[in-house]
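Let me give you the structure first, and then I'll get to my questions.
Chain IDs A, B, C and D follow the sequence of writing; residue 1 opens each chain.
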Amino acid sequence: MTYKVIGKRVKRVEDPRLLTGGALFVGDVNLPNMLHAAFVRSDYAHARIISIDTSKAKEIPGVVGVYTAEDMGDAWEPGPPLVSPPPTLENVVFNSRRQVPLVKDKVKHAGEIIAVVVAESRYIAEDAVEEVYVDYEPLPAVVDLEKCLEPGSTLVHEDLDSNLAAHLIQNKGDYEAARQEADLVIKRRFNLDRGAAAAMENRGLVVDWDPKNQHLMVWDATQSPIPIRNGMAARLGLRTHQVRVVAPFVGGGFGPKIMMFYAEEMVLPWLTMKLERPVKWIEDRHENFYATTQEREQIQDVEMALSKDGRILGIKQKIIHDTGAFNPYGLTTPLNTQSHSMGSYDVKNYNSEVTVVFTNKTIVTPVRGAGRPQGIYVVERLLDIACKELALDPREVRRLNFIPPDAFPYDHKIIDQAFTSLVFDSGNYQPAYDLALEKLGYDNFIKEEQPRLRAEGKHVGIGIVPFIETTGVGPYEGARVAIEPSGKVSAATGVGTQGQSHMTSFAQIIAEELGVEVEDVSMVTGDTAEIHWGTGTFASRGAVVAGNAVLAAASDVRLKVIKLASKILETPEDELELDGGLVRVADIPEKSISLGELAVLANPFRGAVEPGTEPGLESTKYFGPEYGATAFGVHGMILEVDSETMMIKIRKYVTVEDCGTMLNPLVVEGQIHGGVSMGIGNCYYEKLHFDENAQLLNASLADYLIPSSMEMPHIEVYHQNTPAPNNKLGTKGVGEAGTIPVPAAFAQALENALPEYELEILETPLSPNRLFELIHKREELT
Amino acid sequence: MKPAPFKYYVPRSVPEVLSLLNEHGYDAKILAGGQSLVPMMNFRLVQPAVLVDINNIPEMAEIQPHEKGVRLGAMVRHSQAEKDPLIKEKAPLVHETMPKIATVQIRNRGTIGGSLAHADPSAELVVVSTALDARFKIQNLNGERVVPASEFFVGLMVTAMGPEDLLVEVEFPPLPPRSGWSLKEVARRPHDFALVGVAAVVVLDKKDRCKEARLVYLSAGDGPISAPEAAGLLVGEQFTPALATAAAEKASADEIDPGSDIHATADFRRHLANVLTQRALEEAFQRAKGGK
Amino acid sequence: MENTFNLSVTVNGKSYQQTIDPRTLLSDFLRNDLGLTGTHVGCEHGVCGACTVLLDGKSVRSCLLFAPQVHNQEVLTVEGLGTIDDLHPLQEAFREAHALQCGFCTPGILTTLVPYLEENPNPTEEEIREAISGNLCRCTGYQHIIDAVKLATEKTNT
Amino acid sequence: MKVEGEHLFNGTQKQVWDLFRDTAVMASALPGTEKMELIEENKYEAVMNVRVGPVAGKFSGELVISNEDFPTSYTMTVDGRGKPGFLKGAGDVTLIEQGANQTLMKYTGDVQVGGKLAAVGQRLIDTVAKSIIGQAFETLDNALAERVNAETEGRKADYRKSTESDYAATVAKDLIKNVLKRTGRDKS
């Protein structure tokens, strides 16, 4: 389908405000009479609270109150379980344990909240936090993913008889039979460590209870304002119309801003209703490292059975997944890992056991990639090892195993994160892989460049891996589109925006459908006053689920426009077209009426309307996919490593992305660049270091290393378009894609750069120090 | 992350500063560039009762020639030093060091004196001033004294200055003819604290034999760590890779005392020190031979 | 308040007199006392660069300065660069090249680049990377920012 | 964090043992000790002002001696808390006679630091620990010399208790020698 506006590199509508400091972020909300909250957080990861002394803190001038769990009374209750385990799977163990607003008796991770101070300024509130004295009985911390399951281990939740949070097995085909036929079976252990999402804006919340209106106004840096509104209303015993949640401009989300009902989101509304004054809390960076959710920590034992020509006969996998101290987000992340552990390959036999454990660490919920990078990492690493063992060209082995284009929709017959069957809707893998090989200059590098550079003493290596990404999952999203009497269009959707350019790309869909300028569409995202139903921005679903809801609503408005215009212009509907803010007769362009005039006519002030019709040129529509859309891509890199200092430099980076229809290629490229940068962080820079007491040893941006402009390579982005068959726009998600394959490609390139050490990289993230150890170990062996 | 309360003073002259320091002793902290102090105050790891802001004393920010070398007021900012032609000419190693220190925003505010008085063992200037045998002019109400770098840095973030002392000036003596220098460091990201670094200074005779050598390491102990024995191996010798290797091995194995942290074990730091020493010596000898 | 400081400062060409607690960070003073919330706070320990403003024309971290330290000096924030209807050429180039996504780090990057480009009107890609290396961005991977700087310099230089 | 090392004292095994069981000596050896009291047999309560450069923090906690095997070995555990964080550690100390008048002390232990200190001061903790240990031995050496001298002179030993304010000034200056000794710093 050819579009006029969709697919164009349209400049963003939201930019002028963001560029001039005129965009509202939650930290910018300052209300008269506003109080400031600061939290007393536990230094210990695991400790019983013996007593809390707030008396000294309360005496500080400017302190309005200091509150503990006891003060909350009946309002104290744990957060809601956000995502329940898949109802369709049998024999699932799931022990739901949810985070609490204020700790009552036992601290379960460092940074958990023990008390809250409310004061006239944040400075004073922090003065008071220092004066709250908590007497603890420190307990041994549960840290190790395996040891925590041993009998006699210290328990995070003492009402359970072990630290098992969940257990499930997914099976497809008959792995054991496949193994019997295999020429080669490779088994390895993989260690995948924790990182932080580290959005540049920390979380934050401003709440304002208006007792006269009996209305709670909330500004929240959240990815999911509507569920927050629903949950807050329920917790506070209010009707949903009494709560309005606005997610204004949000400075990056990357997953953790959707962990609905953080402790602070439970405490602050209670405070404003109690004190009848607005209360503000902006998370600081130090808090962010403890209080905002994290991801990626898994140990995996994975076995791959292959024939001697390199065909994958089956995969058997045991995943131990760390969920931290609580598991409000259900099994989303480990299910995603399973969904991606067969990669882009036609794997007939798969057996995967997931064991989720509680530890005394920060809660785990999805972070950009959300379990997917771990799946792609293990399957690609095993294939690389197999190619070495079988002396096969890694490119040929991948070609041999790709799901062929005629096999779609391809049903994996296991359950994905949306609890529906894991079906890959579409795909065309080989051309994308070939394009990436070509753009990366794979042949030339191997034959000429690498030998030449090696002769100069340079250690350069190449890595290239394909990946898939399940995107655009349900349940649904909605959109409301209305033409105003001015002829301009107002629209709203329930997903929040954290930089994804929704205000522009959704406006492009509407502009396309209604024949108006993009600038004339005002798109509201993240305000519960504008739309009642919705879920949020996560799982690379905005462009798919909300995008198609926007299209549905805009199409419906278009029908209304045409119907009304047909009557007024006395022209059959099929002879009308929408362009330039007008409806006109195709063959007689001067015979037209503006959308504004139509909007006025559609909402008569007097007279009788036709019974059964709706006023206005407005429509609210929803879109819920049967199953998700599967994006696909290939990332390749050439890197150089200084084998003495362990410093690396990525010399070339190529991506080929197939996310179906692109709403705005500029935006898609930006999403990929950002994803790759987090991916590179996950390779060599970003690791959260917890010690044996579950103390985080790098809770600052000085020690938690986000890639800067100096570490990032120039990224070449190429596109392929295999439209998603199950949505009208043909879109697939791309928000997380950039992050997913990077560690796998990096490991391959690093091994390739250092052949003399015969490295086998089975972990991520690495670091210069870790690489030094690995090389050193190989040196000792030889 | 908001700092604890403090009393704030803005003296306009050195004597005023000295009497404030005398009055408040350990309760007071000097606020120079603040680029190390303020983060620690924001974390509330440092909570001085009194802050003496010395940013309003223009004479403390002057750069002047001094006995063929150069003299820097303690309040000279890194970015000012980076662009100063006199420093480029008289103390080229200092000039070269500047862009390696933190980021542009930090250098626009951070001061030479503040960095030296903070005596962080990872700070480039601490090491470079030791390698160049800089001299530190310190004042208090009782008068003035000049302390050489070798005596100025006495331990982890501890200098020879007491709470009543103010560092007013640093002198960098000129390098003799046929000198060469190099500063090599490895950091995870270029502007992070280096995992390890080395400043090398060599002076050659007419036959390219080393007359004098100095090797000083950063992030390798509780202060700037000199390696006199390794440097001694170089004296009397012409440069060869084997010579550099021998010196590097001596220094990294026996003379430095690095710690371990999440970014690097002591082992890895010794390894890096070894590698960087060889690279630094090669560059330093090369430069010395280049004449000047 | 017993412990106060009477601050006079010019921000974006406008002079202000305020009595403040001396421990007030410049970033908080700009945001809360003056309502100039375009300056963002990302870490408060001098690493992320989001709070960068110009002090007497030089880029500095406003989270590492106490407000009294800018007494009688001039501060320029992102609000002083351009307006929604009349963007600064660098802002225009940022829009053109899609150099911002969530936009949280953007004000700090703009204020870092404006004085840099005045001194270095023709930077190479490596130099641009160095120039913005004290500003962390989590969304863009920096690539479009670099494109925007190139675009801006091309426009000024033609 | 593993802490391991040895130190040679100029005194007999018995003299060194007694040195370590002297509260006043222990108080002076640990930098910035504001208070150290024996609250019950082998259990001390202490308040320390630890200062590292500009960073200063008050810690209070307990020090317990156990597994005593006079005069050769014992175990020491510490548990302290302060605003900037907490620390706990356990270490085994062995005293080995070396000739007539010297005793080699070997120590091995594990110190864990938590809270803000560990979270943002990680880079320096190892070096801080080394530094504190270095200072402690310096003071202990002096104290031992004073005790031995007092013993021969038949008078009461006199320790000057180190306070927070003279810690950086005097103790640090004492440290010069120590640092120079340990690192072989070029004095030229």
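By our rule, contacts are C-beta pairs under 8 Å (C-beta built on N, C-alpha and C of every residue); 3 or more make two chains touch, one makes a residue touch a chain.
Bear in mind that the values here come from a model prediction, so they are computed numbers and not experimental data.
Participant: With a step meaning a move to a chain it touches, how many steps does the shortest path from chain B to chain D take?
Facilitator: 1
Participant: Given the contact rule stated at the top, which pair of chains has the most C-beta pairs in contact?
Facilitator: A-C
Participant: Calculate how many whole Å lie between the centre of chain A and the centre of chain B, each centre taken as the average of the chain's C-alpha atoms.
Facilitator: Taking the mean C-alpha position of each chain, the two centres sit 44 Å apart.
Participant: Using Cα averages as centroids, what's the distance between chain A and chain D in whole Å?
Facilitator: 50
Participant: Between chain A and chain C, what is the separation of their C-alpha centroids in Å?
Facilitator: 29
Participant: At least two other chains touched by the same residue of chain B: list those residues.
Facilitator: 1-5, 39, 43-44, 189-191, 193, 262-263
Participant: Give me the residue numbers in chain A that touch at least two other chains, ranges are fine.
Facilitator: Residue numbers touching two or more other chains: 122-123, 130, 284-286, 689, 697-698, 700, 702-703, 707-708, 710.
Participant: Could you tell me which residues belong to chain D and also touch two or more other chains?
Facilitator: Chain D, residues with two or more chain partners: 83, 116, 120, 122-123.
Participant: So which chains actually touch one another? I want all the pairs, not just one.
Facilitator: A-B, A-C, A-D, B-C, B-D
Participant: Which chain D residues qualify as touching chain B in the complex?
Facilitator: 1, 52-57, 83-84, 116-117, 120-128, 130-131, 164-165, 168-169, 172-173, 175-176, 179, 182-188
Participant: What does chain B use to touch chain C in their complex?
Facilitator: 1-8, 10, 31, 34-35, 38-39, 42-43, 51, 53, 55, 79, 102-106, 108-109, 189-191
Participant: Which of the residues in chain A come into contact with chain B in the complex?
Facilitator: Residues of chain A touching chain B: 122-123, 126-127, 130, 284-286, 644-645, 647, 685, 689, 697-698, 700, 702-703, 705, 707-708, 710-711, 767-769, 772-773.
Participant: Taking the touch rule as given, give the residues of chain A at its contact with chain D in the complex, in rising order.
Facilitator: 43-45, 110, 130, 138, 286, 289, 689, 691-693, 695-700, 702-703
Participant: In their shared complex, at which residues does chain D touch chain A?
Facilitator: 83, 85-86, 88, 112-116, 118-120, 122-123
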